[in-house]
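One chain, subunit A, appears in both complexes that follow, with subunit B as partner in the first and subunit C in the second.
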Partner chain A sequence: MTEKNKGSLVSKDTGKAYASGDGKAFAKRKDPHRGRNLTLTVITSALFIALMVWYQKNAYDHSYAISIIERSAIYAVGAVAMNLLTGFTGLFSLGQAGFMAIGAYVTGVLTIPVTARQSVYYMNGIAPWLEKLHLPMVPAMILGGLAAAGFAALIGIPVLRLKSDYLAIATLGFAEIIRALLAAPMMDTITNGSYGINNIPGYKNMFQPLLIAAVCILVMLLLINSSYGRAFKAIRDDEVAAEAMGINLFRHKELSFVISSFFTGISGGMLACYMRSIDTKTFQVTLTYNVLLIVVLGGIGSVTGSIIGSFLINGGQEWLRFLDEPHAIGAFQIPLFRPGFRMVIYSLLLMIVVLFWRSGIMGNREFSWNLLFQRRRKKKAEGGET
Partner chain B sequence: MSLATFVQHLLTGISLGGAYALIAIGYTMVYGILRLINFAHGDIFMMSGYFMIFAIASLPWFIAVPIALIGTVILGILIEKTAYKPLRSAPRMSVMISAIGVAYLLENLATYLFTAIPMAYPEIPGLKRIFTFGEITTSLVTILTPVLTIILTIVLLQLINRTKIGMAMRAVSKDTEAARLMGIKVDSTISMTFLIGSLLAGIGALLYFTDRMTVYPYSGALPGLKCFVAAVLGGIGSIPGAVIGGFIIGICETFIVAFGYSTFSDAFTFMLLIIILLVRPTGLFGEAAADKV
Partner chain C sequence: MAAENVLRIENVTMQFGGVVAVNNLSMEINQGEIVALIGPNGAGKTTAFNVVTGVYEPTNGRVQFQGNTIIENHPRGKMKKLYQGENPEVFSNVISKTPDRITKLGIARTFQNIRLFKAMTVFDNVLIATHMRSKANVFSAAFRVNAAEEAANREKAMELIEMVGLLDNAGDIATSLPYGKQRRLEIARALATKPSLLLLDEPAAGMNPQETEELAHFIVKIKDDFKLTVFVIEHHMDLVMSISDRIYVLNFGSLIAQGTPADIQSDPLVIDAYLGTGVS
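Now for the complex of A and B:
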């Protein structure tokens, strides 16, 4: 099966390192467009920041756009974390929702203002040791990430022995177990059981989630481009060969799993602060599927692809919202448009991506200006011929 | 727990297990032949429930039942042809993602077409008739489910071990390429597998929903996963294994709920999965294969 597995997963970055923007290759070969690329990067970043500042200044008028951008940033962290595992280490895990739940609950429980606690836990009361325990948002998120990572380290020992679909179904099982544990009556005084927790303080402005997301993604990017990252890719491409080269398979798989879960936990914490009230129903398998679909659309094995995918899918869900509203031509009511149609079209689009456009937007390449310009030149050349 | 309550719960568990077993057969057959966890199988089962609701609305039950079953089979084959067949040579992960996509699509489609509000499942005359033996009360469907499951399993085993199409299925699941070289029509064999799997899921849906009385768009998702666990428990690829796995999970789940730990009934199933994967990855009746774990 390993031969078959390679297909689209194998990176072609050995040959195309230059185009894929691999850090090392850049340093070795002198890029003729370096000046242009730098200018373009600076200009786009400046434009993006200016737009964000403008949105923030007029936050009242653009609350909707801001909430979409925040959600996209949160899902981007989750998607990149999943990509680290699926796209770069070749471990197909479906446990995302479980780790997000851990992160979200830790963050949520610790950040609820002490004064609001009694009203949140009015049903079951709160555990005495927790009553006065309060942390600011970012430390709480990190703690949430650590909790998720700790849990991942624990279950990774048995689970990472499994391969492909067995690993997927086992991690999915663990996610369901986590969900059941969080909702269990014994946890009532900590997680508030099936009532969920609310009154979680939200973000003060939209820069908070964007900045946290940027830092998380940057750390993961650095990891992917480090020697560890290369070891992960080697494991993905051929386990036996990687082992023969002296890579400790289990240690690296465990490392990838734990780090991915850490950032998944953080994205869960971010989601908790974004939604401000959570319960265990938020973290069903559907959440994992959503993250997976972002990864697939963006391209398995592309960090920038996951980010683009996250913005496209979260934005797209909103742009397609017109499908849910009734439309009429004159007096004739078009029968198709009613609530739910949006999700049908949305899932159809995703099926089309899976079936006909398997590499997604970016494939396993990373976004770079050179790539963008090359594509355009190619298109022009093709256009000229016909 | 008195003996009467024990027997009562046991009957419920066996009945639930029978429905699980019928769905688990579909998982185990598809996995045996395509090495694919057909995530959409649970949703085919859910759609079958809706087909029955709409078929019986305008037709007498003895016509509605076959129509609902045929609808389920057509849906199953359609999914295979459109979502899995183009990806035959693709890596396993792509096919799995495609299966997840189909499951997602079916759930959304059902929400769109039938709304998320649970719909009442029709009663087939006679199936809900109540029997009383001393302290134990039970309905016909509770007794019928395990009996029908066992009969269908025996028929299916005969089909697989004695007929030409059964031989083709065994050959394809052993080695697809070699089977193709032997002149076996691999694609139609795979379609046949989906046909049988969907048919059994349809019958399972009939029995399961008659007991549960409502259908909603997500009513197939969790039972689907549980039935996959049943298939793994019994040993993937083994039909008697899937049936026994289904019964074990059905009975355990009923007793966990009966003892008052209903929040853990789903978690238990997955604990069972993880334990079995670690201790005996080939399942109770599976054949040893190197590439599974």
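Now for the complex of A and C:
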């Protein structure tokens, strides 16, 4: 093989075959497979929507599947928001549950029907200014996101000076403070203290959460692919070099933190509408770990990875439910199959995935049709050579 | 006079704890010059760069860029007692700018130990450097209101990549390139910030003689094309002697000589400390 051939092969493998040679086209992001990819995207989206419509039409029979899909969509927003911070800006924060709690409580409190308020707050009574304050779902969620973003902006000033593990610990502490604050007796007339709030109106159909999730993820994707997103990635890769390229570290870190928290708050609001009744126990550290798990499994630095991870984790927990039920071979009751066994297998599967797919399912790549086809072509080429 | 100096370093001392890394360094770099800073390893050359670019806050001294003071400091706090340098009373102001603001003023740099954005393509590495001069805020950038500006930036980044001869590698991951190409990429990235003063920290390190010679032509070319002033740290004496207008020599943090390449080559102090007797 000549040196030149080798070079072209290498560039093909990195998925940028069309890049070499034609600088102008590359700068303008021209893709030779655009037509094919567009067709494929349209077909898959249509199939997905058709499936959703079918589910929705038979909502009564498929309420279980619908609830898994809804929850996956909600976690996907949270995971992509965390990925924006951890995977793209390189800031490891564990404050997810705290920001979700803020979003959830703002959304929850504001959307409870005015007529139902007295029954929700029957123990402590409701603050008079809040009694008649009611917002539709989406504005309430946005307000929840803004509240989370506001808190993030405030704590970001001291906390973002920290690095890696220290930042994680500080934000973890913040999340616990938020949880304690929400449950504090002084907040009883607003958050209903430890009783939690219920009667939150749920989604009218499964398209509502899916659409909100899609819009949120799309906005984050647009941001990641903008010049600000590139600046975030620069900070992740090398802070000193990023600063030498004129990127103000603090400003961009704060920006990423605030935007991530905004969408985390929205995912919290979505969760409130999904669960319909929330209390502070919902927002324990476990929630953060679940989101983190999705991010790590899907691939740190991959938006599509987070979405796939969310569906896998939320779906997987349910698909494995048969393990909790007793099974028998003939007359012999297998002793392993009892409640709790599911979690053993689930954890084992996760460990296997992390061991063998160290950078998650997607690594830091994004799903694209080109990637898929290149994989296949590569496999074919390998098969041909040997 | 002052207006002519692009960069003016006055009595800069950088002390880390009890170690004086740069001692009372004063330099002037004029518009359109190529000035080299040479000296043995550990002489404090890179430290001087880091002071100018705002990575370190000097213990004492002042740096002026295009007539404006960008950095000034005097021994304060703990350093008041520890300070071992000279002129502790000369400077009274404290001015410090973060590296990004100094870059914005028009000082760009490359790094001795290459610092590319590892996980990104060659193209993205250069494109990132255009972000600083972009007028878009986060909303207009995310919702593509700045599409025209973005397109112009992408085109400009591509031009720079073409200029440094990396067109075929534009889509490759930066760290997959061979060393010499990574160095050229760093220069392209620095140029994308639209500097008026370019600081090159050992740009020829790890290059073979032929690559070094190409680099020499390249530095002179970009200096003329982009109307730059170049301040370079380098160990390759052939390169330094062939392109520099003036040379400063550091040893143990102190300036031991300055002058034209011819002066430096015959300076007994420099020969003793750095060049050795083998050089004619």
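Assume the second predicted complex is superposed on the first by the 349 of 386 C-alpha atoms of A that agree within 3 Å, B and C clash if a C-alpha of one lies under 4 Å from a C-alpha of the other, contacts with A are read in each partner's own complex, and residues count from 1 in each chain.
Please note the rule applied: a residue touches a chain if its C-beta (ideal position, glycine included) is under 8 Å from a C-beta of that chain, and two chains touch if they have at least 3 such contacts.
Everything quoted here is computed from the prediction, not taken from an experiment.
Once the two complexes are laid over each other on the shared chain, residue contacts for A:Met362 go to neither subunit B nor subunit C.
Residue contacts after overlaying the shared chain place A:Gly246 against subunit C, while subunit B stays out of touching range.
In the superposed pair of complexes, A:Pro158 makes contact with subunit B only, with no contact to subunit C.
Using the contact criterion defined above for the overlaid structures, shared-chain residue A:Ala79 touches neither subunit B nor subunit C, since it reaches no partner.
In the overlay built on the shared chain, the residue A:Ala168 is in contact with subunit B alone; subunit C does not reach it.
Overlaid on A, the two complexes show subunit B and subunit C touching the same residues of subunit A, namely 7. Remark: subunit A residues 7, 10-11, 14, 16, 18-21, 23-24, 26-29, 219, 222-223, 226-228, 230-231, 233-234, 236-238, 240-249, 255, 259, 301, 364 touch subunit C in the complex. Taken in their complex, subunit A has these residues touching subunit B: 1, 4-9, 86, 92, 158-159, 161-166, 168-170, 172-174, 176-177, 180-181, 183-185, 285-286, 289, 292-293, 296, 300, 338-341, 343-344, 346-348, 350-351, 354-355, 358. The part of subunit B that touches subunit A in the complex is made up of residues 35-37, 82-83, 86-87, 89-94, 96-98, 100-102, 104-105, 108-109, 111-113, 115, 221, 225, 228-229, 232, 263-264, 266-267, 269-271, 273-274, 277-278, 281, 291-293. Of all residues in subunit C, only 53, 55, 98-101, 103-104, 108-109, 111, 115-121, 123-124, 127-134, 136, 138, 141-144, 146, 150-151, 153-155, 157-158, 161-162, 167-173, 176, 189, 193 touch subunit A in the complex they form.
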